[in-house]
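One chain, chain A, links the two complexes that follow: it is found with chain B in the first and with chain C in the second.
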Partner chain A sequence: MPEALLLLQAAADTSHAYGEFPLIGARAAVWIAAEVHLMFAAFVLGVPMFAVVTEAIGIFGGDERYDRLSKEFTRLLLVAYSATAIWGTILVFFLATLYPKFFAYLLAVFAPSTWVYAGLFFVESFTLYLYYYGWDRWKKGRAKVGHWTLGILLNVWGTIVMFIANSWLTYMMTPPRDITPSTDPTTIKLWHAIANATWMPINVHRLIANVVFGGAIVGAYASYRFLAARTEDERAHYDWMGYVGNFIAMSALIVLPFAGYWLGREIYQYDQSMGITMMGGFMSWLWVIQAFLIAVLFLTGNYYLWIGMGRIPGAERFRPYTKWLLVILVLGAIVWGTPHTMIADSKELAAMGGSHHPFLGALGVMSAKNTAVNLMILTTFLSFLLYRRANTRPVVPWARTGTLIQGAMFAIAAGIVLFYGIRGYFVEAIVRIGFSVYQVLAVLACILCVTVIDLLMARGAQSLGAIRWGKMPPRSQYALFILAVTFTWLMGLMGFARSGIRQYWHVWQVMQDTSAYAATPALGYAAKMISLCVLIFLSLVAFVFWLGGLAEKSTFVAAAPGVSPGTRGAQHVGH
Partner chain B sequence: MNLRRYADHPFWQAVGIVVAAYAVIVYVVPLLPGSALVPKSVVLQYMATVLVGVLIYVSDNEERWASFREPIHAALVEPRLRLVRAGLLVAVPALVGLVAYGQVRTTVAAPPNLRSIHPAPPAEITFRGKSITLTGLDNPLRQHPESTPAYTAEGKRIYYQNCLPCHGDHLDGQGHYAAGFNPIPANFQDNGTIAQLTESFVFWRVAKGGPGLPREGTPWNSAMPRWEDFLTEREIWSVILFLYDQTGWTPRTWERSQGGAR
Partner chain C sequence: MWATNLKVVGVVLGTLALYTLIANKIPQVQSEVPQALTTRAPNLLTDEKGTGLIGARCGKREPGKSCKQYLFESLDNPTAYVVPGYQPIMPVMTKQLSPQQIWAVIAFLESQGGTVDVSASDIPAAGAGVASGVSPGPAGPGLAGGSTDPQAIIQAAGCLVCHKLDGQGQVIAPDLTHVGSRRTAESIRKKVLDPTSSIAKGYEKLAGIMPKTFGTMLNAAQLEALVQYLAAHK
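And then the complex of A and B:
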């Protein structure tokens, strides 16, 4: 009887299974260590992806600015790597001392993978050192391509390291079905434990999310440097850097929901009860917060682009349209954030006839939400397109036809999204779920085809003037800050939803949490803990940014004797 | 003429949009056919979104941003607007005070309930000592289409004998005793209750009632009895047949994978 075994497990845990941590307790200690470690890990995985792509653009596109950008970021990575390792070590020590029995169980299953993990971390660090310190030595020709290969290797090692860590946490959520409380952990085959139901969906979801996060952090760094800039050149450089960071973050964000959808689907497939707890049960409020925060991301990302149009000659002709794009985004945000079960007092509940609103309740279901988010994605893509085109006039003879075809593609994609959104109300759930795939495919196909036409149309296009980089009001830079903070917050919140659905299990239905902290934390407490982690992480990141500026400044002082450091209007090197 | 100038000015446009949005959400939506008042929590959420949208609109280009700030700047510094300034200095703190008072004032109403209404079902339950796997389970009475009308009639009789006082004659949660419960009994006509659920989920809820709700998400507010103490397995399945037949909803079906039912 599994119940009897679990009771025995709980009885055996009365001593030596758990440690205690002063003041905040064992769970909060592990929570902070794990969360901040994960955020730094996302930083050191996301930023190299960014660096290697921008270096490639520098090499193959011949634009040296990208190369400098890449190097600037690799410098930040050196410090961030140490921070990741420090927080990782804290986490391991906390787990070993506060959750010794559970940690021993995980090690019994995964020991060989931890050795590979440690080895790869070593290799990864040294690849990073070579990558950064060899930057100026391997600068030209074949050596430069070799240097770029180092960047790719850095990403490969980092990705494998992440995949290994993902296997541990996904095993905790979705252990293979044949593993029961009575299974001796030492008899579990390593690959069997690694390749569990949610391992690959989490790998893909985190990989894309890291690109988004890397871009957002780059944007935040650029905005910090922009606001602190003292010269026009410097401002221009960091304005451009902020744009590139935002572009990469928003582009990757567009595909992120699809990866998340796959993960959610796998969780439902593995265990319906876990899926319902996550999306319909007590974790469902986090999805309303998530909807709100993602709406903030879309609105802020678009806002940044629209302000940016102010520095592009020729953008005036698109300005009248932006307010209509804003209307779609705001309506989309309203629909997306409408809860199905509403917070209401007894009078309101009685007036509504339950916790579902008889009219607005229709906006609280998946049909409405999928439609809203797909239209928001299409709108954001249109903003990018207008921004890209602002200072050019196509000269190819088929330019007008091309634009008409693009317009038709937008209309068709929006039509398909709306059609399936409305039709979803009239079919049963099982059919409705399938509709979201058609909506997504219509949007992706539109993005792909319109981009291809746009690239062909831009060939030899007449320029209406260069972008006036640096001519941005400070509020645009705060938009970049908001993006980075919101991404970080979302990581913490949704990570809690994913992890919290295990409830009182260390390993779902295999190893029970019998500690004093077994109860799933209330949402308010969780939100405070996550916000604290975000604050710790961002404070440390601010320190890393400051260090980045410090190193640069010292180079400047050495290069220009006679000018007192910190003089207003002083020239920074490198840009 | 003057009105036209106001209509074209970003500041007054912003004020107009916020006021119009509030009026639509609070006064127009409840007037729509079949609608009801919008809960305060949702009004707040909608207004926050509209406000963010309006702020984006007024500040996404330099000229508009500059003219949006003009009246604010003028009200704060221009001598000719001394009276307006004084009025604002009284009105704004008074408004904040009023909102704060509204938040902390004691009322007789129960505080708003943050209730999750989709408790996660277990994969398996024990019904009067018999183990029943809920995952992938359909209503067994549907396997005999020829007997469905008889089972539905039986379900109707059982419903009227046992469920009517709370769930009502129209199956809308408005039975005679409904007003005594907070939250009110489930409304089966609503597209958010049985229309979203598999029959095995409904079986679990009827059989185990309030006491059988899962540990997470507690405390639950449910006065639903454990009907397994009063009804047989077949009787519960017949009531479920009746619920779907009477409301016209079709139960949620299971996704069939290659490996069998999930």
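And then the complex of A and C:
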């Protein structure tokens, strides 16, 4: 009798479970709504982080430019919040009408969290209004610190909102193991569902990724304003803003792979078959595309820095090194993009001479890839360091020793990375996995110690001339656009990977997708969907930026009236 | 200004086009839903080929048969009418479910787009017509009234719906005529009790089809009689 009841229940669950959407189908409709909503959500979470950090630099560093920069971006948030809410509402309506059974299931588990979510979104919006509209009123002294606290609160609310939404999607991926298809969703304890295996790794990963994303979009905005600038001062202002955006994006990008490793490890620990589907199953080619995109990011980010050194007096000292940095980055990208285990047909297997190509197989393993990516991170950090030191000459008596120590730290870190990379070929997989931790720690320790030494060495350093902001060729600005598009596309791709590994399950091994769209599409189709979503998002963001500029002027201030032609009357801040 | 705008749009579209092109040039692998989950049988709860849900189309399947009669026949003798494009792999459900369960399923199926006309009078009438030996618990007499005749057990359990044995039955699942030369008695016993414990080569796609309920449907004497009978088929 219980079997018959289950049979009837399963049959009842299938009827009227799905709706249909004209032309593009239900899955594509939900895909677009979810992806564009997520991109806007990342924007409205990433930019406040950016804003609060730059405001703090303005307050505690005494540089008002940062304060104005912070305000300029907070202004854009007002419209972006509305867009986020609109796309969120579209997503909810689509889910309720196209996937009603599944949506009802999620609500049955998570209902109280949705109420908190809505309440926090309300609080967050009003904190934003206070933060923006109180900018000029709370401008000095304690009031300014209070204002900055509002910015911190804005980030706190936003982060909690994201954590709540993350619990829903991670539950779909990794529901607690005691939950089965026959578990009544109303009996599942809320916290039990929220604190699932991938919740915290996704929280951390997305938090860092939002900083990257915010920085990249800020960079793209600044690059457009740079290209459209009519005066030297305006160009200088947006050149600087583009640099800051790129700096923040690249700095956060460096730590993002570590959060990614953690997430991957949790997925493997939760369900090895899910991990294998992700890395070696039908999604194996996805990682080759990802490696290509990461290579574009590293190369373009470094390229922007190297061009930027052209506007720094004294940077010519370091120019001969850039070609070697380029060599390391290109070699690293090639190794990282080397495929290893992937689905191949009999012809392809015969052509390769086995499941692994005899030559590429050696470079496609994690030992080689981890080594490559860690060396690429070290190289990018070195580029930043050279950029930072370009127009200064340290005067502290221990400058030479300090530089030697820094060089030694780079050499030791690279040596550790290479040692464990090579050693990884001679040990068992379980030991090899542990080696990646040593490699990461060596790189992070190097970045931390070298930065500290550099800050101490920079005290009272002799200036070789001010950075000539604005003296950048237009191609550098297009590089910032490529970075923003690539970051956004990469976000879409990784979203597909995360969501796609559930395959034909709404909730992994708990609630099955029995719709006409249950099969997980191939990468080609996914790429078209991702490009479409990125295009929709960037078009709307461009519209938001245009709206921001329509009502109010930019925040740059000319150095002094009359210094540069055409800047009269441009001394406004905000509105 | 327009030139700048066009260049920006060009860079954005060019980057998107490049990534999309690369992703479409690599081998395209779609993760299909396992066949068992979708296409092994017609979907009863969706509009199959414009004829409506099962409750609406069941009365039109075979001339002269009411919806109720057609659905009962489908469960009692599934190979009598196989929808084109599908394999005759459905087990005889009247040997697996009690009459009450059978008629509950029929009533549910009728409710999907049609009118429910199952009444209490159907149940005892059917109870006399279908195999009466179904017992879900180990304490019961077992299949075929507890008979230890292997051929009676094989008939009652519906083995021949999928397997061939001594020239009889279907060839959907492995032929059992020489099963004793491939498997030991221990292996056969394990396979009957836990069908997914080992899958014959070439039949991987059918994994999961064989019911896992024989352990509770057969009593110990029946299981042993069946195992020894099959193991003797060298």
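The rule is short, and it goes like this: the second predicted complex is superposed on the first by the 527 of 575 C-alpha atoms of A that agree within 3 Å, B and C clash if a C-alpha of one lies under 4 Å from a C-alpha of the other, contacts with A are read in each partner's own complex, and residues count from 1 in each chain.
To be clear about the criterion, a contact is a pair of C-beta atoms (placed from the backbone, for glycine too) under 8 Å apart; a residue touches a chain by one contact, two chains touch by 3 or more.
None of these values were measured; they are calculated from a predicted model.
When the two complexes are overlaid on chain A, chain B and chain C occupy overlapping space and clash.
Look at A:Thr514: by the touch rule set out above, it reaches chain C but stays clear of chain B. Using the contact criterion defined above for the overlaid structures, shared-chain residue A:Ser273 touches chain B, although it does not reach chain C. Look at A:Phe292: by the touch rule set out above, it reaches both chain B and chain C. Shared-chain residue A:Ala527: touches chain C; no touch with chain B. Contacts of A:Gly61 after superposition: neither chain B nor chain C is touched. In the superposed model, A:Gly465 makes contact with neither chain B nor chain C.
For chain A, the partner that touches more of its residues is B, with chain B and chain C as the two candidates. By the touch criterion defined above, A:Pro313 lies against neither chain B nor chain C after alignment on the C-alpha atoms of chain A. Once the two complexes are overlaid on the shared chain, A:Tyr478 sits against chain C while remaining clear of chain B. In the overlay built on the shared chain, the residue A:Phe282 is in contact with chain B and with chain C.
On chain A, the surface touched by chain B in one complex and the surface touched by chain C in the other have residues 277, 281-282, 285, 292, 343-344, 348, 503-504, 520 in common. Residues 29, 32, 34-42, 45-46, 49-50, 52-53, 56-57, 59-62, 65, 109-123, 135, 172-174, 179, 182-184, 186-187, 190-192, 196, 214-217, 250, 252-255, 257, 262 of chain B are the ones that touch chain A when the two sit in their complex. Chain A makes touch with chain B in their complex at residues 269, 271-277, 280-282, 284-285, 292, 295-296, 299, 302-303, 306-307, 309-310, 319, 322-323, 326-327, 329-330, 333-334, 337-362, 364-365, 428-430, 433, 473, 475, 503-504, 520. Chain contact summary for the complex, chain C toward chain A: residues 1, 4, 7-8, 11-13, 15-17, 19-20, 22-24, 26-34, 37-38, 43-46, 53, 97-98, 101, 104-105, 108, 112, 136, 213. Residues 1, 3-4, 7-8, 11-12, 14-15, 224, 227-228, 277, 281-282, 285, 288-289, 292-293, 343-344, 348, 478, 481-482, 485-486, 489, 500, 503-504, 512-514, 518-524, 526-528, 530-531, 534-535, 538 of chain A touch chain C in their complex.
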